[in-house]
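Lettered A, B and C in written order, each chain numbered from 1.
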């Protein structure tokens, strides 16, 4: 169990790291004019919201992966700590998923003038959000601790396994839809070295934030259950 | 003869509370054993654990030499359960009900002979929905016996039965015991327990209070139960 | 796994159902009503119906199925007979498979009833082959039944289970629902032959993945 001072040091380090990443992202130059003709003028500087939005997307998958691992391990060992990990990580996955959806909508509005435009990744994230919300609603509807752990583990596994095909379905559905906005800007959007490093730093910061939040959530949940028992 | 049911330090938690809190118990082969106690003492939970319907939270349970929950398929083949729910389908006839369960147990049975054993052979083509409570309970015994179990577990089996069906039921259980079958009877009724069984465990708040010998005086037993009420 | 035991359960359920008609009566009536509602909601003789029609037809099954198919497990849970099944030496796999077969029989009956009704009500001329349309629809329904039956086994012990089922099953069903609508539209509106519809393979792949997982996880679901 890390002591209090380690925690403070960790959080201070994380804070400084994210600050540095944000500085790096904000000090990038304006958007390449060649790309600007595909998107609205607010994106000249506004494209930088990308660095405050998209770094959360991989975290959703990491958090869901942890839920999968916790679920499989619970069914194997029947130890409650795995259930605690699975459910805590699912809550965080839902949180990061919400962040991705909201910030993605803002990004989309700046770029193409609409908050929602059925982008395959956006759609997949939305479906993922529903899967996670379903998992957590099932948990709140089951009273017995053992049944809750066992049955939600099954849904956790099923939900994660469905993600690749969910993504393919979303993609073909979107491709069947007439597009309102030209997405070539998205395809042509590539990061230069400074941009890539800024994104990498933001991503690393988000991952460490997730790990810290997971640790806290697991601790709280464990203490709550000890008190109940 | 060794013990046919062995229970050591059995704990079963349910929704945060301990329905069973460290049960130790041994039932010998060929014995008629009662689980006595007021409602909510944990009788039904213990019966459900012994009949493989509930997984123990911790502790050791062996039935017919097989460990639960790991070897529950083996245990299932060797036990029969009669509870206040008859586990029958109202839309099927008596014969169809038995034939269906025989298929599930993978045994070939003479349905008519089995129905004759519980005095229902004249009603084999009638829908169970039209049966009286007593007839349903008799059919339930036939269902529990169709695979020749080593142990017959009875959970409040006479709840809701009239006097005549009750004494018919007692005669059937006595007959089974006389043929060498092991009986486990969960009941809150001391009279019933001392009529059918030779030994009893008094349960209270998920613990075994005392083990009683029911062959001699029942005054001590009466007193032990009275204290709990 | 013992397929005979699974079939015994399906046979038992069908026999009970044809004596009580509790679910099938409801399913047929409900799908009839839904089709009628959709018909009221659509502008008559609109060319857009060619594109929208397949989706409407498919949603009749989703709506009826979501409510009706969970009955297979919930009814046994409510009557307590599920414990009777679990006392017998049958695994969760056999129980789930039995319910999948039973539910498939019910939904195929609904299909038999709803498809002609849809064509008559909407005066829909199927552009492609009728057989292809039935095949696409049936494959989609198979996926729907496999996932739906398994999820209803998972949620049957939950509080407010009918509501929980919708919330848990719907997102897991999207990889069946979306490609089936697209495939149906291609057969019914565009007249594409079955071999050229890639979406069908997606449904098939999802059915295989979900069946495998259900097979592996059934015992954990139905253990107490």
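Just so we're on the same page, a residue touches a chain if its C-beta (ideal position, glycine included) is under 8 Å from a C-beta of that chain, and two chains touch if they have at least 3 such contacts.
Because the structure is a prediction, the values reported are computed rather than measured.
Participant: Building nodes from the protein chains and edges from chain pairs that touch, which of line, ring, star, complete or other describes the result?
Facilitator: complete
Participant: Of all the other chains, whose mean CA position lies farthest from chain A?
Facilitator: B
Participant: Per-chain Cα mean versus the mean over all protein Cα atoms: which chain has them closest together?
Facilitator: Smallest centre-to-centre distance to the global C-alpha mean: chain C.
Participant: Between chain A and chain B, what is the separation of their C-alpha centroids in Å?
Facilitator: The mean C-alpha positions of chain A and chain B differ by 52 Å.
Participant: I'd like to verify one number: the distance from the centre of chain A to the centre of chain C, where each centre is the average of its C-alpha atoms, in whole angstrom.
Facilitator: Inter-chain centre distance comes to 32 Å.
Participant: Distance-wise, how many Å sit between the C-alpha centres of chain B and chain C, to the nearest whole number?
Facilitator: Once rounded, the distance between the two centres reads 39 Å.
Participant: Would you mind listing the residues of chain B that make contact with two or more other chains?
Facilitator: Within chain B, residues 55 contact more than one other chain.
Participant: Could you pull out the residues of chain C that touch at least 2 other chains?
Facilitator: In chain C, the residues touching two or more other chains are 223-224.
Participant: Find every residue in chain A that makes contact with two or more other chains and list them.
Facilitator: Within chain A, residues 143-144, 146 contact more than one other chain.
Participant: If we count contacts the way the header does, which residues on chain A are in touch with chain B in the complex?
Facilitator: The contact residues of chain A facing chain B are 78, 143-146, 228-229.
Participant: Going by the contact rule at the top, pick out the chain C residues touching chain A in the complex.
Facilitator: 150-151, 154-155, 157-161, 164, 167-172, 174-175, 178-179, 182, 198-199, 202, 205-206, 209-210, 213, 217, 220-221, 223-224
Participant: So in the complex, the part of chain C that touches chain B is made up of which residues?
Facilitator: Chain C reaches chain B through residues 2, 4-5, 8-9, 12, 15-16, 19-20, 79-81, 83-91, 223-224.
Participant: Which of the residues in chain B end up touching chain C in this complex?
Facilitator: Its residues touching chain C are 48, 51-55, 69, 73, 76-77, 79, 81, 85, 87-89, 91-92, 96, 100-101, 103-106, 127, 143.
Participant: Mind listing the chain B positions that touch chain A in their complex?
Facilitator: On the chain B side, the touching residues are 13-16, 55, 57.
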